[in-house]
Amino acid sequence: MSAAVTLTPPPEAALSLDIDAVTKSYGPTIALRGVSFDLRRGEVHALLGENGAGKSTLVKILSGIVKPDNGSVRLGGQRFAPHSLMAARAAGVSTAFQELSLLPNLTVATNLTLPKQRKGLLGLASRRLNEAYAAQLLAECDAADISPGALVSDLSLAEKQRVEIVRAVSHRPRLLILDEPTAALAEPEWLFRIVERLAASGTGVLYISHRLAEVRRLCRRGTVLRNGESIGTVDLANARDGDIFRMMVGRGAEEPADATATPVRRDAPLAVTLRDLRGPGVDGISLNLHRGEIVGVAALEGQGQRELFRMLGGAAPILSGDVAVEGKPVQFASPLQALRAGIGFVPEERKIEGIFLGLTTASNISLPILGRLLRFGLIDRTRERAEVGRAAALVDLAARYVGMRISALSGGNQQKALIARVLLSGARNLVLFDPTRGVDVGTKEVIYGVIRDFTAKGGSVLLYSTELSELVHLSDRCLALYRGRIVGEAAGAALTEERLVSLATGHGE
Amino acid sequence: MSPPADTRGLRRAGLGSDVWNAIALFGLTALLIIASRWISSGFGGWEQTKAILVLSSFVVVVAFGQQLVILTGGLDLSIASVMTIGGVLTFNFVGASPTALIWGVPLILLVTAAIGGLNGIGVVWLRVPPFIMTLAMGIIVYGATLGITGGTPRGQASPALSALFTASVLDVPLVIYFMLAITICGSVVQLGTGFGRRLYAVGTNPAAAYIAGLPVRWLTFLTYAISGASAGLAGILMFGYAGGATLTMGQAYQLPSIAAVVVGGTSILGGSGLYIGAVGGALLLTTFSTVISSLGIAEGWRTVIYGLVILLALLVLREELYLWAGQLVARPVPLRQPGEPAAKPDA
Amino acid sequence: MNAPVSNAVTRSLLRRLLGNGTLIVAFIYALLFTIFASRQSDALSQTSITDLFNNAAPLALAAAGGSLVVLTRGFDLSVAGVVALSNVLMATQVGEGPQQALLGLAVVCTAGLLVGAVNGILVAYIRLQSIASTLATMIVTSGLALLVLDAPGGTVPDFVADTLTDSAAGIVPVAALILLAVVLIWLLLRRTDWGVALYAVGADETAAGLAGIRTRRVKFFAYCLAGVFYALSGYMLSALTATGNPNAGNSYLLLTFAAIAIGGTSFSGGRGGVVGAMLGAATLTLLQKVLFSAGVSSFYTGIFQGVVMILAVLVAATSDRFASGRRA
Amino acid sequence: MNWNTIRSGLVNTAVAAGLLAGVAGAANADDKKLKIYLSLSYSGNSWQSEAANIVKALAATPPYDKAIELKEVISGTDVQAQISAYESMISDGAAGIISFPVSPTGLNRAIRKGCDKGTLFFMYDGTVTEPCAYNVSYITAGFGENTAQALVNVLGGKGNIFLSRGVPGNSVDKRHTDGAMAIFKKYPGIKVIAEYYGMWSDQTTQSETAKALAAHPDVDGIWAQAGEDGAIKALLATGSKKLVPVVGENSNGFRLALANPAYQAAGFKGVSSGSPPATAGYAFKLMMEMLTKGRKLTTHNIEYPLPWVPAEGVKLCPGDRFENGCNTFPAGKVPDSFVTEVFEANLLPELSLVTALDGKPTPGMTIQPLPGEVTAAPDTPGINCQKCNGNGDIYALTKIKATVQP
């Protein structure tokens, strides 16, 4: 057996972290424009901010993956400028990444021991020692239910997330960075216990999340990033949610009164009807979507919302159940057929499934209507310009971006182009999966406007968002999904974040 | 607010570095032709240019399909055999008859497109890696050609097809006009049609193309069919050039077709590159082999130099270099000034 | 150690059994060998088996090298050049006797290593497309082979030619021992940090980097080692043919990749391995004999080879899909 | 096109598929028949398939059709594949193997093993250095030096010439080229201004010659190996009124061009010589006489006579055979790439056009005995013997005399 695993370094090794005026830009996109805060010994410090506020870039800088353009980072009073991940790790900084960095084709044990395997006879990697080490590690982290011998690709998302965290913890960090660690976790208490144990032993923890409740549970102080800037560090005990929101989004949280003001359009004609829809992860969902209606979907990570939206977008198979569009039953097995049936889909991963980085913004937008633009078999450029211009105007996308390669645009503008594309496709029903992920506040407002506009003209929208406030703000009514089923609905005055939280955690009706 | 879209941008079509690449290739070709006067007095003139254009016509034609396949992230290793079967079928069935030519050539293009289509079916629906599918198909087609002909293709030369190479208008052989037409048509198909546009989309991001509602599988299938047909056409041309067909006639064009496409700036990973670049690549490589074969050095050295030139082209024609050069020429449009709000709605 | 057995473990086990390309190709080989043995009376004789190993050895070694690169999601076309180069070096630069044989081994391995290192630098550090840059190095090395020897000829020392194609103690073919040694070396390498990292880099280079792996170095070494394996392949080929031929490598180019594919190594990286590729090579060479003994008209053997290649890849892919429970 | 061929191909495929599945086996051939194998490197050019067809036709000509069972195996250009094929043949009990070898030395071990088991090896055209095998070839007959001298004579001892070679790194190509250079080097007035590889293919020779012509329009003559028909096409394609002398091998197109008065007027002259596919038939008959009549050969290296047809010697054949000194077929009867030297009146009277084109025996013909004598080929190191010394004047002229002095 290998030497006993001790996760906690001696207290005297604890370090403080000082970040001072760090900036970073990627080409034309500025990710960080002056971030400063400090993290004390043994502190669990929250880093708050909306998607795209610069949290991930900061994580990458601290992990040694990218170098800042300017500013200084000091760890325990020493200058900290790691040139590689391993250098950061050697200095005592270890990270659990948001986009999980596990290798799917290797076992849990191998992943936990990368890049250096436990060696047995003849200095060769020993499966037995690796697995023993991994088992001990997992047991110590209270994750003994995960088998060290299993392939990572066979684990559930939550299990993967836990392995990722265990791996970060296993390097006995003096500063642990957790980037959205609970995104896939059904039971965050597991993580809280680990974090508290580490903090008690003096390890600093930078805890990145936009879930205020979690942050309040773990941290005393938190720094808010917005638009690549550190807006301020707050004492969480003395800050109200509204204040923090204001710092994160640059304004107060929406007044609930707004939501009640929207009429519920149950009397409008049916747009999309689902009857007992089933498939992987979706366990019998029925719902009616009316014309002119925005229906929100609230759910914790991994409750079948991704699968449901992909089914409606034609990107996942529907095993059983019926879909009808405007009363007519439809069947589709691909996004193309879904589009023809009148359902347009904006997927979750913009870079992976949304935009074409190598093409111009105009080509990205005009793709669905190319068939209509043909004259003598060739694309009529004049009409293309006109159509694209019209769509770009709808989403408030500046004309000068249209001719550029879309890779040169900021994430927000890319998202606008993506939405312009589905609008241009002529679909009257939109299925939007987290359409404001990773975009800035201004773009969010634009997208909200587009969605409202679209429904005002008779379209219908099914919307999922990770941000409950957005759902409350935008939807006419909101459904909660739990384990692949609809477990509740809130509308009108009852549509509040608290209500959604209790519904989405399965404490509904 | 409804501003007219930026026309300048559309015309650039976001393929700036590709265009630069093609221009650079044509420039290098011209330079090489002019510089080769130092090597031999016969070089550097119209006669040499003509010879190079004629000789590169086969690669130019076959590179069209090869490039489309590479655009979708695939590779076609069957073109040598498909070229051969195209030439052999023309030799055997069309021969000297001008009437047979009229129905025979389209029919042979259909047959070769069908062979390419089989590649497409294997790659798209059976999910065999393109490398293996087309390699195996090449072996199969070669075997079939061998079996059908019993080892000896037999037939007659076609005066009409040979005239492409022997007849000239304004001192330019007909085949050069033909090649020009192919280049223009190919570029128009790539840049001007919905098919071409969708193909780039599929090549740069197949997952997004699927979600965006493009018939990804059909598009990919089609590229293989087109590659088959373009190899078939190259085979027919080759038959016209040589006045006969042998079972090895396509072999010399397998690697050059890939080399021309790659040197022409097309990423082997798919999604970027222009046909005109591949044409430039074909011209440059043909010119180079013409020049090098007239150097009085051992074949080994010629081969070494040829390989080094491909390597050099790869090193020089990288995108980063164009970006860098582009920045020297024109200051990039600042997308966002520091301090400016992230996305101020444009007034 | 008492880890609770989760569902994932049984799934992983199933996948390892069914999704393992090596097992599949071993089964295909066994099937072909059964047909061969039933058609040919002396198939199990010692000479026949020695012949099988001798014929398969050069391609198996080349495929072993190529699979290392394919595991990193790359393509290495330089195999053709390196095999030819090491063949002509053996035929021209090496004298008689065991010492010279070892010297020759060192010379060709160094040459292979150099070519591999150039490939590694171009692909891993300069980040050129592997297929394009190795195409260039292939052409350059074939040219070098022509410079060393401009026509087939030269003589490979009898010591090398006789020893390597013979049977040790009259029982075990030396070629089999060499292949076994390569398999053992691979099994050892697989259990080094580099071996584990090879699979990680092939599956997801970014994630591998985040896991602390020096991805460039891993790829660089993969190309280097591949070069050495190609050189070994040329060394074996020299022993087999006892002569030098500057064009000896040409036929290895596509066959190598066919062997790798049949051996269950995924061209999208991170899956498969050296043993499968070697078995794939053995299958291809056995196929020649089976087609012969089955009396297939020689004009159509090509069709069979092509169809078998496609089928083998399909079988491997289907079983893998089945094992992982994914739908097509 | 013969659809029967395709159908029988499909049937073959189906049968073989059955075999692969281990379902059925074709009935073994009559055990009393001699097992003879024809091992080709690759098929795919006229030369290779004509040679193979001749062997197949002879094997089907009485009385051989009753005595032997001939199987053909194509193993490609890969030495290992041909070794494997030889091994399979030997273990299948082959009495004789007639083969075009892909390597002069690489096959030696497999051949030696076969000889030990009593298998007779006859190589045609290509040669091997293994002493137990028999080589029947024209290679040593001096194609290179004789044609080179012919070109020098036509050019009057000075001029710029192209060397259109065969396959780089091939020993036959090297032997021919060395022979030719031995002559050219004697004449300081002869300058080789371009040297390229036509791969023994008409198409490649045509495009390579076109490249060379672009660089050197001032060429005065071309020395070519097989593929010479492509060289002429390249000359014609330049559209210039002037043609130059070409010496090359035996394609029908080349011979027709030599006899073309319009071309002759434009300056086209030359000699057709080189590799005759009929060698395969001679080798086959020699082997059969050893196997069936107990013929003894005193030498293992047998030289096949070098064809030699200068422009004025071209004579069209009215029928399907070489009769009354004719040596070329009229245009349209055979493809330009057809290699005409498929007949040899003394050695192979059994042959006619149908034998070379289709591999079928000439109707009504039976096998005639060979003359008692064979011509021994001189030892040439690396070509037909391994550790031997070539005699001094290996490049001595045999077909032509030098008419111009250096």
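Labels A, B, C and D are assigned to the chains in the order they are written; within every chain, residues are numbered from 1.
Here, a residue touches a chain if its C-beta (ideal position, glycine included) is under 8 Å from a C-beta of that chain, and two chains touch if they have at least 3 such contacts.
A quick note: this is a predicted structure, and the numbers were derived from the prediction, not measured.
Trainee: What's the minimum number of touch steps needed to get from subunit A to subunit D?
Mentor: 2
Trainee: Can you tell me which chain lies farthest from subunit D, using the average of the Cα atoms as each chain's centre?
Mentor: A
Trainee: Counting only Cα atoms for the centres, state how far subunit A is from subunit C in Å.
Mentor: The separation of the two C-alpha centroids amounts to 43 Å.
Trainee: Rounded to the nearest whole Å, what is the centre-to-centre distance of subunit B and subunit D, using the mean of the C-alpha atoms as each centre?
Mentor: For subunit B versus subunit D, the centre distance works out to 36 Å.
Trainee: On a C-alpha centroid basis, what's the spacing between subunit B and subunit C, in Å?
Mentor: Each chain's C-alpha centroid was found; their separation is 31 Å.
Trainee: Would you please write down the residue numbers of subunit A that are in contact with two or more other chains?
Mentor: Counting only residues that touch two or more other chains, subunit A contributes none.
Trainee: Name the residues of subunit C that each touch 2 or more other chains.
Mentor: 145-146, 150, 246, 297, 299-301, 303-304
Trainee: Residues of subunit B that touch two or more other chains: which are they?
Mentor: Correct list: 144, 146-147, 150-151, 299.
Trainee: On the basis of the stated criterion, which chains touch which? Give every pair.
Mentor: Between chains, contact exists in these pairs: A-B, A-C, B-C, B-D, C-D.
Trainee: Using the touch rule from the top, collect the residues of subunit A that touch subunit C in their complex.
Mentor: Listed in rising order, the residues are 65, 85-86, 89, 97, 100-107, 110-111, 114-117, 122, 124-126, 131-132, 135, 138, 144-151, 153-155, 159, 167, 317.
Trainee: Which bits of subunit C are touching subunit D when the two form their complex?
Mentor: The touching residues are 34-35, 38-40, 42, 45, 47-48, 51, 55, 58-59, 145-146, 149-153, 155, 161, 165, 237, 240-243, 245-248, 250-251, 255, 285, 288-301, 303-304.
Trainee: Once bound in the complex, which stretches of subunit C touch subunit A?
Mentor: That would be residues 1, 3-6, 8-9, 11-12, 15, 188, 191-193, 195-197, 199-200, 202-204, 206-214, 270-271, 324, 327 of subunit C.
Trainee: Quick one: which bits of subunit B touch subunit A in the complex? Just the residue numbers, please.
Mentor: 1-14, 188, 192-194, 197-198, 200-201, 203-205, 207-215, 271-272, 332-336, 338-339, 341-346
Trainee: Mind pulling up the subunit A residues that touch subunit B in the complex?
Mentor: The touching residues are 25, 28-30, 33, 227, 313-315, 334-336, 338-340, 345, 347, 352-360, 362-363, 366-368, 370-371, 373-374, 377-379, 381, 384-386, 388-390, 392-393, 396, 398-400, 402-406, 408-410, 412-413, 421, 425, 440-443, 446.
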